[in-house]
Amino acid sequence: MSGELLRVENLCKAFPLGGGFLEGKKRWLKAVDRVSLHLEKGETLGLVGESGSGKSTVGNLILRLLDADSGSVRFEGVDVTRLKGAELTRARARMQVVFQDPQSSLDPRMTVGNIVSLPLKILGLAKGGELRERAAASLAEVGLGPECLDRYPHEFSGGQRQRIGLARALVADPAFVVMDEPTSALDVSVQAQILNLMGDLQARRGHAYLFISHDLTVVRHVSRRIAVMYLGAIVETAPTEKLFETPGHPYTRALLASVPVPDPAQRRNLARLTGDVPSPVDLPPGCRFHPRCPEAMPCCASVEPPRVELSPGHMAVCHLHNQRNTP
Amino acid sequence: MRILAYIIKRVLAAIPVLIGVSVLTFIISHAIPGDPARIIVGPKASKEAVETIRREHGLDRPLPVQYVRYMKGLVQGDLGQSIRNHRPVTKDLADFFPATLELTLASLVLCLAVGIPLGILAAVRRNRLADHVARVFSVIGVSTPVFWLGLMLLLLFYRNLGWLPGSGRVDITSSPPAAVTGLYVIDAVLARDWALLREVLSHLILPAFCLSYVYLAVITRIVRSSMIAVLGQDYITTAKANGLSTARVIFKHAFKNSLIPTVTIAGLSLGELLGGAILTETIFAWPGMGKYVVDSINSLDFPAIMGFTLLASTAYVVINLAVDVLYAFLNPRIRY
Amino acid sequence: MSAPLLDIRDLSVSFRTYQGRAHVLDRACLTVNRGEVMGLVGETGCGKSVLSRAVLRIIPSPPGSIDGGEILFEGRDLLTLPRTDMRRLRGERISMIFQEPMNSLNPVFTVGNQMREVVRAHRKASRSEATDACLEMLAAVRLPEPGSVLRAYPHELSGGMRQRVMIAMALICNPSLLLADEPTTALDVTVQGQILAILAELAERQGLSILFVTHDMGVVAQLCNRVAVMYAGQVVEVADVQSIFARPAHPYTRGLIASIPGRSSGGELYAIPGSVPNPIDPPPGCRFHDRCLKATGDCRNVAPEMIRVVPDHSVACHLFNQDGLS
Amino acid sequence: ADKDTLVVAVSSDIHTLDPGVSSDNYDWRQIYPCYDRLVKYKVENGVGLTEVEPMAAESWAVSEDGLKWTFKIRKGIAFDDGTPLNAEAVRFSLDRTMAIGKGPADNISAIASMTALDEYTLEITLKNPYGPFLQTLATDGASIVNPKVAAKAVGDDKAQAFLAENVDGSGPFRIAEWTRGQRCVLEAKENYWGDKPKLKKVIIRFMSESADRRMALEQGDVDIAENILIDQIPALEKNKDVVVNRFPSQMVEYVYVNCQNEKLKNPAVRQALSYAVDYKGIIDHVLQGNGVQMRGPIPDGMWGHRKDVFQYTLDAAKAKELLKSAGAENLELTLIYSERRATWEQIALVMQANLADIGVKLNLELMANPTLRDKIDKGDFELCLGAWSPDFADPYMFMNFWFDSAKQGLPGNRSFYTNEKVDELVRKAETLSDVEERKKLYSEAQDIIMQDAPYIFLYQIQTIVPLRANVQGYVFNPMLESMYNFESISKK
Amino acid sequence: MAAHPIFRELKLTLRILSHNPSAVIGGAVIAAMVLLAVAAPLVAPYDPVKLSLGERLMPPGAAHFFGTDELGRDIFSRVIYGARISLSIGLLVITVAGVTGALIGATSGYFGGKIDNAIMRLMDVILSFPSLILALALAAAMGPSLVNAILATAFVMIPKFARLVRGEALVVREMPYVAASRVAGAGHGFIIRRHILPNCLNSAIVLATLTLGDAILIAASLSFIGLGAQPPTPEWGAMIASGRKFLMDQWWYATFPGLFILATVIGFNIFGDALRDVLDPRIRR
């Protein structure tokens, strides 16, 4: 491939919870805990995990919507966590984002034309009539006609709005787009349209995607590699097919087993795990999955599991492998 | 315990607000052109007499010095002496505040007793006749000049019909009840003087109605809109789907939720009622803060003005604190 | 065959909007048999929720109004039932759970308060009897520590727990029909799995019929016995679950099935062209015709009738005639 | 109310009950009946006069040079605690008022020293001969206070704190209750040394709205209602149970014309203004006839008043001519006024129209009373509406206060008028005690003043006192505006 | 070229409003008042400031529809001219308070944290004053004039707008479209201007219509205590103030201006209520 675009290393982010004077000790919510991942040019990395596992926070940290507590995000060789002013703007011109909710990710008070051309305007990449032209071009790319330019977002359907969101993300020709659950608010048939469109655009323009989703089937469809998050940490990374065939982490296995397969012939018990995802405020010691893990061992409750490479590109963070590998 | 810590925190947070209020009052009241020393000695007095008084009251000092001196006293619970009558301002406030408070509380009760049912009615019968009638009725209140209403009420109920007594807190020939709280209703009850209680209550009716009518629309509107919002919520549908009766759905499920914004507004209104009582007090010869403060402004009685504003602001802060605590009781989601 | 538990016939519902009257349900037909789980699928806005709410007559009115049809439940037409009878039916014979467990419980009352209230709305029970019933039901939905759940406020519970509470509350009076409007959409997969398992088990144990509304074909495949597919306010296809996946008849259903990702990995997904018609001004004839690749002249002018293709498989499409041939 | 209880509805609460502090008629209303003074105003045939007669003083004598006054004090007067009212008590009281140094002190500031010659004889020495001296002893500030109050003093406040809320006098009444903002109850003393009060109780009820007072009067809840707005009087007069009394008062209303202002320096301009005002229109319409046009500065009823002094009347043509001669065309002036009197706004508007007729644009500016006073004191105005009532019955209250250039500003000379000749005349008159002599000097001054037109003399008002028909014995004294002779009032 | 999108929005809003009976009634009242104000010289039969002492306090009749005041001025004419003053006062107050309040609120809500805390405490200070007293003291300090009365009234109303807009801004700043702009490199000023303010506009407009009545009333109370419009300006509040002295015997004097205030305030209130419903995007869709 054409080389590395993004490398995230040991990224951490904790949010303070309440706290302050007269309220006792400040508590921290560890939303992202030592996350590392990397992305090649033109590649799609899937990031899955249940809600609250910190997927969006990772995306936001990369985009500098949030400032990281520690760790680094090297984008095209530059550490964006430390950038300021004009340099940050320059880096931003190369990164974009598409959000989950097509309703709230478009400013209801702006026309579609203005929305789509906004990045160009802010970055100073175009002016006046050119803004409109390039917005129209970008809209055409996502399959919307120029008549949309003067309409307001609420006049469109969910799928169309998501296309507008894509057009906005792509108008400044970024190298990298964070897709934060871009289809989870859409119907399957519309989702199919959007997924196809994304694939198309990627093939033509060579962007890299960080595709965040909680839907394994979708991630499986779009990504070459997948990272699985649980309670703020990545528990497994693997090439897509590897992950589905030989999931290395018990959580991944449970996750896969819980997905309702759209085939009445393959009915199975979906209740693999008990309980909900616990809150990331007071993380359990040892392996963060052990309270729900069907395969937990005594050591899981106290010792942090190591990161084990199961095969090239297939990483899991679990004691099970540790034992297997070191008898 | 958490709630106690919360209250302490809120009280502490109120201090800068009160300091801000005192600074602002101080600046504004001293910006009113005029010479208080002159007002004390009377217009015909000589310049020397004026100078003496000015020195005596420290009015010749620079403003910041005067302010610091005032605040020093304040910390010790001393609001200074009224320039007009040489009485401690605290005494004056103690004399006049209970009347205003009684009137205000009575109005609030009236306001809620009428406004809430009206708001519910309007919400439940949204966009139907009852809704329009309820809203117009309440909005007439906001837009009716208070003294017009007050005088008309007096004319009708006192002069023409003779159903209710005239102005004042008690009949002209009656003595007020022995002062315990200063709230005559309570004092009359404490004294077990039921005839007097009747008298006091009948004197309260007109001014309380007059004052509350102004805020009726505010309450009605907020109850209506929060009720409409609540009625659209999923849990209301759930309650209906579970076979609960309409009355239960409205009065139990919807009402408690719609109370949450209502208490906030009611708290704010109570604050405004306190300040808005001036005109009502004048018309009904109600011996409250209203006339006192207008007179204070007119005679540049700075300590009295400061005392009043600080008291009113404190009342406002206390009310808001009470509202917040109430809010926490109503809304279990609130965490401190 | 015995009469179905629920028989919705030609139900039409419309809403008044600022743009005009929206015909959200147009002569929709559906049956639910005793003891079966009936899936109802379709795209956003096609009228699934309206249909299920119409059964309980809890459509907000105004702006909504039921314009025609009948809803026969155990042989009685719910639409003509007196108000009080209808109220008694709700929660007791037919109950409902909703998509958002977050908003479906009243935030200012404890779970116990709300659950007991439901019990006592339908039968004479003392407070402690009601509490016992609640505890039993909470245990049945496998909530750990039912006692503390009862004392908790909704916000103190997680999404999955809340949804279980909702189920417990819906089933506490032992209804014969449960309307489940996307009860797992807001939940994580692992939790969704738990909820679906509970529903399946309870349906079996209590002989409960469920009308399960969803847009997730995977859930349908895992849970339902029969499936009805809705499109733009009409039921366009009804069949047993195997047939729907194996032999979808309506072009819309076929598109729907084909656009599910993950049935095979990689490659283009099938995407139905165009978008859903506007319910204020729906197209004449078959409502799907302008997105249908096989549309004929008839489709543009004549609304297709529901016809049985094979036993247990009906479809409303001109491509099929009475003999069930394509 | 009962026959022996009189209820008076008044517009304003009491500020202080201390006779040594208050310069407010509304306070005096309560203070006056609770104390005795050396002298009191005469009453003849139910009419209150401005001359004085003995009260606590049996008799008095004055030295040739007018400096030494010797008062013989009536024996047998006692305060409530039995302390006798004697020379020492009088000395103490007058001394106290002067030492406090507020408004009331000004009236008796002529006193240089006092000595008790014996227990019931007091000699007062004046700084200089002072014509109005005897009159000043009838003012509220000269009330005789029980010297025992000295014990109630806090620090060196001379018992101000105590006397602000209590009375300790030998007068016919005492304060039985004062509920702030509501009412003050006076109780008659059984053992008063003079004529016994016929009433047992007087309730003074504070009601700030005129309409409220009027309603209470009509309903019979109160017996006397003061300060009823002029425009409500005609309707009140139709009520058979109510008698509306009108009395010529000493209260005058006039316009200060700032003589130091560039635009108004020229007497011709001031004369023009005086010619421009429609006096009759104002009196007939705004006052509804309850007033008479002033004639010179001294009001009718006060000695020194001249019926023959020059008088301005509406003459627009003449006014225009004067302006033209003064080269003051296109004049634009501002009239300031406050809300102190209900009629002022109307008068301001009428004047605005009047001045417009002679080509003067008049802007009106309403302001709060303290602000207005401040502006007057500083001379920061052009025209200003004002009212004046004398504290004691002497033309000094008008001639010296209004025109002596030493009293410029708020104290009295509010038009900042300076005329050396006038200064000389009025200062001379001040020191003489011979009334005829003084009349002559004041008369001469008046002629000059009317030509200089430092004020626009509007009118002398009538005091209107509506009473219930069964109230008897009310006497109005122009020097006791807002005060009542409770001791001689009774109810039928 | 197609009509500008703003006009389409406006047209839609108007269409929706025209289906709302209370909006129509409220709007009609407002329109009638505005029309009267604009056409005052044509409608008013007399000069509103011309005195005619001989015709004092005449009851309503053929010559004077609403009677005359204590200086013989025609009350009908004064009420009509008064519409100009009172409506402009209301509008000015709301504009000043609305714009200032919205800016303060948007800034406060957008930045949050310490800035927000400081600003909101300041607003608390103003709010915790009894508003009439504050306005009174302010007007007394600045001197009585119409402009000062307007400023004083606006000042006490600022916190209302600031609080409302801040609340909205807190929501808007969390919206994904704001994040999208930030990803594209937008600065604070840009976001406040282009996202926060426009999205708070609806509720600010609703509040404005609802409080316009309040503004007229507060300004009227200021006139009422003599701190607002200076005579002979025919302002409704001032007219009522003068008329109150005559209320018992000459009811018409204060009543007619009172009725006009009543109608205007009700008009704005009803209209504002309807506007709130109509601008609600959930209903609008």
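As written, the chain order gives the labels A, B, C, D and E, with residue 1 at the start of each chain.
Following the convention adopted for this analysis, a contact is a pair of C-beta atoms (placed from the backbone, for glycine too) under 8 Å apart; a residue touches a chain by one contact, two chains touch by 3 or more.
Computed from a predicted structure; not experimentally measured.
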item	value
Chains touching both chain D and chain E	B
Of all other chains, the one whose Cα centre sits farthest from chain C	D
B-C against B-D, pair bridged by the larger set of C-beta contacts	B-D
Chain centre separation in whole Å, for chain C relative to chain A (CA means)	32
Separation of mean Cα positions, chain D and chain A [Å, integer]	88
CA centroid of chain C to CA centroid of chain E, Å	50
Junction residues of chain A, two or more chains touched	none
Junction residues of chain E - those touching two or more other chains	140, 143, 247-248, 284
Interfacial residue positions of chain E with respect to chain C in the complex	15-16, 19, 283-284
Complex contact set, residues of chain A against chain C	50-51, 157-160, 187-193, 195-196, 199, 214-218, 220-222, 240-241, 254-255, 257-277
In the complex with chain A, residue positions of chain E that touch it	2, 4-5, 9, 175-177, 179-186, 190, 194-195, 198-199, 201, 281, 284-285
Interfacial residue positions of chain C with respect to chain A in the complex	43-44, 158-161, 188-194, 196-197, 215-223, 241-242, 245, 255-257, 259-263, 265-266, 268-272, 275-276
Chain E to chain D touching residues, read off their complex	50-51, 53-54, 56-57, 70-71, 140, 143-144, 226-227, 230-232, 242, 245-250
